Structures are given as C-alpha cells and as structure tokens.
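So, here come the structures, one by one.
What follows is subunit A paired twice: with subunit B in the first complex and subunit C in the second.
Up next is the complex of A and B:
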C-alpha cells in the first residue's frame, strides 16, 4: 500500500505479523507497519467476515483492531511497534481468552 | 494514583499546547494529557526522529507547528502522553488509562482540546481495505515518511485534498487522479464571503499556489464528480464515478476520501454540554462562551473540537481558554485577562472572514454524505446499511439513540463516531425533519474501550491482569453471544 521515502532512519525495530518478521523504523505504528508491508487487510469483521483495513489512522474508526502480544482488540494505529512485538490479525469472530 | 490540579487540558494539538503554555506563564498547576505518544495533535504529528527533508515537503505551516512543539516541550509542563481519557465526571474527575495502568485526576477547571476528525464518506465500497481518509494518508506521511507505493486516487472536496496532493508531489509520490466532488453551485454560495476572505491574502494565495503546483505536475483532475463507488473483492481495485456527463473508472489499490473535518464531540456530548447544529459545516458543535466555556460548569473547549476553524485559530482559542480558566480560578483579574486576550481576538476576527468563504466553497455534496442506495454500509462496526436506518426512521426512530436501539448502529467499538453524521442525515431526510431537530447520540463512558482489569486497578492498585482472557472488551462479549 505504502512505501517509505528514502531517509537516514534505519529499520531497526523487528516485530512479527502472523508469524512473519517485519523490520520497521522506530516510532512507526503497528498499523503503519501493516500498510508498509503491503497488508491492506488488518482484520475480518466479526459480523460478516468482511475484510477491513486501517481507515482513519488516528484512533477514531477502530477498523485496525489487531491482537498485540496476546491482547486482542488493540488499535494498531495507536500502538507504536516495538522490538519483539507479536501481532496477529483478527480474522472473523474472536474467542474469549484466545491469545 | 490520585492527584489534583487547577487545570487539566485534554489534547496536545495546537489548542491544547497553546493553552498549556499560557497556563504555565500564569503559574497555574496544570496537567496536559494526550492519547498520542507525541505532542502535536493530528495536524502537527511527527515520527520519533526529526526528518528535515520530510519537514520541508510538509511546508511552512508544519514548520510553525514543529516550533510550537519545541516550545511546549521546553516549558516544563506536566505533560502526560499515551494517556486516554475515558470518563469525565460532573465533579471534574478525569478517569485515565496509561500504558502502565489506571489513574484518576481531579481538576478545578478542564479544557477539552480534542480536535477534529474526518467526516465519514459513506459511498459504496468505502469499507474495503485500501480506502482511507486523506487525513489518514497524511498521518502516514508525517509519522512514517510514507507515500503510496503505486499512484493513488484522491477523491472528495476540501483544502486538505489539495494540500495532501502537493505534499505527496513534494515527497516524490505520483498521483493517479484527483476526483473533485465540490458542487459547482458552491462557488455562488461562497462568493458573498470573498471580500472578507481577501483580507486573508496569505490563505488565498496558498490555495492558488497549491492548484498551480498540481497543474504543473500535470495531475489528472476531474471536477464536478458524483456517484462515487469503490470496486473490489477483498480490497480496493478501482473507483467509479460520473464526471462531465461520462462514466469514469480508474484502477487504484489506494483511494483517499475526504469531505472536510468535523469537531470530535464524543466527550462533550457525553458530559452533556449543550450543542448546536451548524448548518454550513453540517455538524454538531458545542455552544461556547467568549472564553470557550461550555454549558457544563468548569469545562471549556478550545480548538477545532468547538467548531472547525483550523490550526492557526486553534492556537488563539487555546490561549483564550487558558486566560478564561485562570480568571475563573482567581489567578488573574478581568482586566489582565482581557488585555492578554486582545491580540488573539483580533487574529480570530480576521481568520473568521476567510473561514466562512472556505466553509461555503467546500460544503460537502449531499451524495458524499448520504448514501443514495439502501445497501451502502453506514455503521462500519455493526455493518448496518443505509436501508436499515431508513426503515428504523420510518418505524419511528426520531433520533440517533432510537436508531441505535432499533439497528445497533453506533453500538460497536467506535461508539458511533463514524456513523453519527450519516445516521443524522438519514433520519432527518426520511422523516422530513431539519437535521438540527434530530438529537445526536448520547455517548457514555468509557469513551474508549477499557479493560475490566484497568477498571479494577482504580480501586486496587495492586490488581494485575494475569491473562489475556481477562481483557474483555464489549466487542468480545458480543462475539460470543
């Protein structure tokens, strides 16, 4: 979806998304990391399974809800990626207690 | 952790930062809380490291914001980033969550500087991944230096669309097309305000300069576009629309929609502030006094959260709100307050002239605010289409609260932020009422989803959530039913 402009900042932060390793620059949000890796789809809805991706990037729309380090329904646009973070996209209905 | 301050400011955008700087100058015990990890609000968002070439691409207004942020950070203000307000009580107790836990803060005076959000654009296919707000794309640029990897389409109306296009060009991105939905009739509606706007030559010449840059870059433009729709199976593949009497279709994986911004009134509605319908900006705005005071004692609003006036005005409004709060706290007398306010008031008068022109010129087309068909989703969270809202209105829903009870619109995690303007318009039109006569949602705390563990931690700081199973959001509970 997006690409980084060339700059001096190195992609020194490493996280995993659905088990795949991504490197991002410090300060980038999890939602930005998804979009920069070509993942338009952040989740599938609980109601119909329809695909959704980040829409507002400012914490208003709740379309970018993902599981971060085992905690579900986190707003990916409001959380900065950190080293070792484990992100899972929420596809369809979530289960209580599912990590 | 319990604490008390004279003044609590919510939001670190231009209004909040200006208010905090003035409160600091006046010696008030003040705290500023902000949900984002870094100050600046949405307009002056930035990444963790400064990037001079990016800042140059973002233009002189952004540079002004960077200087404001530096002054704010250097002033020794009690600034609490990464802190979310989820309840504000009638005794002005702020319930907060942070990365590390829960906090409460009592304040004698509160200034809400919670800013604006993009107006939702409910066209067919707007929920597909790859369709975002133009403001969202601008946040990608400001915080991650990111531009579209393939040429994208900008569609809608308003100054931000042109600004983003110019910033993208400056940052080395290509634009596939600019699809403009501004109704031609708006020019006539705006014409009477042009003389007042001419006093703001800087703003007008900025607008003309943006258009000239798009022309030089040979960006393909469609004007008077209508009947926009997004095509795609599991993601955005193309945008369809009518322009110049012909059907158009442009392939793109990324489409940025924009129809202006509206005040983010979630908290001000929740605490029961009186609001008025703004028939030009087509949104609710809190009823404010000369110092930003709301109808709720001790709570003022500054910046775009009180009505869209832009970042420059927001700074002045923040300054005035801090002076008003200082006077109510007895820290300064009326003469000192009024004297210190003079310059900001003069600036706001000048800015207002240009604002009326911009508001009339870019008033969104009805087709971009209200779905023509019944199938287009209005409430993205609960997947409620326009037809169901119309049916609820015919059955007797006379306001948003009833529409919510009938259809579940506004009952998902965004708590109605993204559907309220559309439900408002649909109920009004279906019932033949003025929009102003349709009562808005009454949001309830928590203003943002909070874990049960966080709430438990308020009364027992030793409480620790041991497993993810205890992180029950309302959405989870519903999913299991």
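Up next is the complex of A and C:
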C-alpha cells in the first residue's frame, strides 16, 4: 500500500515491530514504519477489539497507539523511529496487572 | 409560555427532580445554563455511596440508603425510557486503610454509624489484610485493611444525565439549554422567570442550580448557604481489569470500559476549577501506594470540578415561606441521591408530605449556635 519515494535516503535505522526487525530511514516515524511493513492495523480497541491504524499522521486522531519500549498507548505517528526501538502492537485492552 | 412546573438547573439534581415531577404532570420545563457553568454533574466521580456518610446525622444516612436502595429500579426505568444504561452496579464498597491508626479511626467511625442507625441496623465489616487480598488481589503491601459495607455501588454520571434527559423528553418535559436566568419575580402565586430573552410562568418553581442556587433562591427569600469545594480527578487509559467488579473502592474505581478514575481531593479555593500538578501528583502517588500496578498506567485526562457544599456537607431542601410554590434543593451527592430525588423528593414538591428524612435538612439548622467542643 505504501512505498518510499525513490529519492529518499538509505534505510539505516533498525527497530523491531512485534519482534520482527525493520529498517527505516532517519526521521521516519514509527507509524510510517508500521505502514511500510504492511501493518495497517496498529492496534485493536480496548472495548470492542475493533482494528485501528494510523490515520491522521499528525497526532490528533490517537488511532495509531502502540507500545514503544514497554510504554503503552504511545502515538506512533509522533515518535521518530530510533535504532534498537522495540515496538509492539496493542491487540485489545492493555494489561498492567491482575485483577 | 406557561408550565405547571419549572426547574432551574439541568444537572443531575434538577433533572432528577424534574423527572419525578413528570409523574404528576407533563408540563415541566427545565432551564439549564450553558457549558460555561460549573457543572458538578459532569465532573462527578460516579459513586452511589453510603459508607462513612452522615456521622451524627442518622436522618441523612437513612435518606442516602433509601436512594441507594431505589437506584437499581431507577436505573432500569431510565433504560426502559431511554435505551441508555447508566452502568449502575451495586457492587458493595470498601475504603482502604494504610496504617493501624487509620484502622482504629475507621473502626470507631463505622461503630458510631451503626450505633446511630439504631433499629435500622448498619451492616459493615472491617477486613484484615488477608481477607482484603482475597477480595482485591491487586492491593499493595502498604494496605493493612479496609472497611466494607454492602450498600455502596457505582453509576456513570455522564450516562446517567443522558438517560435522565432522554427520559424527560419522552415524558413530555421540555429541556432548554443555554438559558441563564435573568430575573425571578413572584406575584399572586405565579412565578415569572426571564431567561435567554424569553419569559416563562409557573405556579411551581424549583431552584436546583448547584452553586448558582444561593443567589437565585435568595431572590425568593430562601437561604441556601453553599460554597464551592474543589475536587480533582485523574483518568487512565483503558486497561484490562485490575480492580474487582465485586467491590468498589472509595477513591480508585475502574469504569465498565476499563478507565481507572482516581479522585478524592478536597480544596477550598473558591470558584476556581483548574487542576494543579501538586495535588494530582499526590493523588497519583496515593493510588499507586494502594494499587502498585497503576505505576505502569498512562494518564489520559485530568479535570477539576466544584462540589456544592453546605457547612455540614448535607443537602439543603427548602420551601419558600414568602412564596410557597418555590423550592430550592442542593447537595454534593447528586449521583447517589438522584433516585430518591426523582422518586421521593419530587412527590413533596408536587404537593405531597415532606419526606421525614429531610425534615432536618433545612437552612434553619445553620442558625443553631455550635456547642463548644
């Protein structure tokens, strides 16, 4: 669905998404990395489990929430991908402890 | 326009009374202010709460318990009318205690409430840490015990106000938002209300306008001494259950959708409904002490709202002597008391006898000089 423009710089930044290693270009967001890897579905909602993905790409719609380096519900479109970053998609409601 | 009854105030107190009045007449008008009003209903934490209220005021305990008893049926009727679920659950309630001194003080309070309730009885239990851990596995190591009563529960205030407004419409009442009252007049049993550039007349006027009640009621000779008390609330992202649905905790509750709400601050700062970082930080720290897993939760919203407080914290219900068709009603427990306001208080306003539990909830109680401590 998404591809980079041919003139863009080399993909030198390496991160993992759900354990899979991806390479993106410096300055690209986590949301861009998700879309480039074919993951249009960034999460499933907490209440109904409906799929959600990056939409506005500018920090207002809060649909692209993912876990980044263990911190949940971060906006993937507002976070620049960095080397060694661990991204996990949030499928359903977040768990922080047992009831 | 003429109505059989006009209620000034479209929050939960005014709306619940108007809702009850629709059992007597379809000709009810609710005049609500705008979104710039201090809306205690919108800021409410959402407890239907009995435990610990009314030390020294058994009539108020009875009134509160009566409402808590009516809530399930009130909620079901609202759902029938409106299709909206208030999320009312009578879960039972606990208050967590983090020191032996707190346990001692709480035990004494619960025992006093039981004694004051006399023949009516007052069920409570003090839970030790093992019992509590069994009921609420996520409590932290600092929590030494809790008090428990079967009477307490929760309701979502936003769904509740939406359900009440939808039910009002279905019952023929008229709700008018953005109508700030400009003047009130009384002559020969008829009240003339000017609001939003329009004029309305009625033989029955109820002022239930939260913190605005004081000034409006004074125009009809009723004294309603209420002052704002600020409460701040923190809300987390939606989370898988970390609290039990078998019990509600006083100041940390998880909604049906999964958000955790944290709130118990009390500040006298006048008409200032801003949040402050030091208070929010202290509330977050207290919540984490009680439920350590919350340290990993993200806060997505905070707000502050103003409670409508009288000097003794109890409601004020008053009928005007100089204009007997006028009433005023305020309280800081608009959610808890919504059921009894709709089902019982409204019958008094409609012309029935005054409910016995409310006989002392009049402004004259503030005239009695306080005995020396």
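Criterion: the second predicted complex is superposed on the first by the 95 of 99 C-alpha atoms of A that agree within 3 Å, B and C clash if a C-alpha of one lies under 4 Å from a C-alpha of the other, contacts with A are read in each partner's own complex, and residues count from 1 in each chain.
We adopt the following convention: a contact is a pair of C-beta atoms (placed from the backbone, for glycine too) under 8 Å apart; a residue touches a chain by one contact, two chains touch by 3 or more.
Quick caveat, the model's predicted, so the values are computed rather than measured.
Peer 1: Return first, second, both or neither, reflecting whether A:91 touches subunit B, subunit C, both chains, or no partner chain.
Peer 2: It touches nothing on subunit B or subunit C.
Peer 1: Touch check for A:47: first (subunit B), second (subunit C), both, or neither?
Peer 2: Both partners, subunit B and subunit C.
Peer 1: After the superposition on A, what does A:80 contact: first (subunit B), second (subunit C), both or neither?
Peer 2: first
Peer 1: Name the contact category of A:72: first (subunit B only), second (subunit C only), both, or neither.
Peer 2: After superposing on A, A:72 lies in contact with both subunit B and subunit C.
Peer 1: Which chain, subunit B or subunit C, ends up touching more residues of subunit A in the combined arrangement?
Peer 2: For subunit A, the partner with the higher number of touched residues is B.
Peer 1: Thinking of the overlay built on chain A, is A:11 touched by subunit B (first), by subunit C (second), by both, or by neither?
Peer 2: After superposition on chain A, A:11 lies in contact with neither partner.
Peer 1: What residues on subunit A does subunit C touch that subunit B touches too?
Peer 2: Common to the two interfaces on subunit A: residues 46-47, 71-73, 93-99.
Peer 1: Going by the contact rule at the top, pick out the subunit A residues touching subunit B in the complex.
Peer 2: 1-5, 7-9, 25-29, 32, 35-36, 38, 40-42, 45-48, 50-63, 65, 70-73, 77-78, 80, 93-99
Peer 1: Enumerate the contact residues on subunit C facing subunit A in the complex.
Peer 2: My answer: residues 137-138, 237-244, 257-258, 291-294, 296-298, 300.
Peer 1: Which positions of subunit A touch subunit C when the two form their complex?
Peer 2: Contacts found on subunit A: 46-47, 71-73, 93-99.
Peer 1: Help me check something: in the complex, which residues belonging to subunit B touch subunit A?
Peer 2: 35-38, 42, 47-49, 51, 53-54, 117-118, 127-133, 135-137, 139-140, 143-149, 171-172, 234-236, 253-254, 264, 380-383, 412-414, 417-418, 448-449, 467-469, 471-473, 475-480
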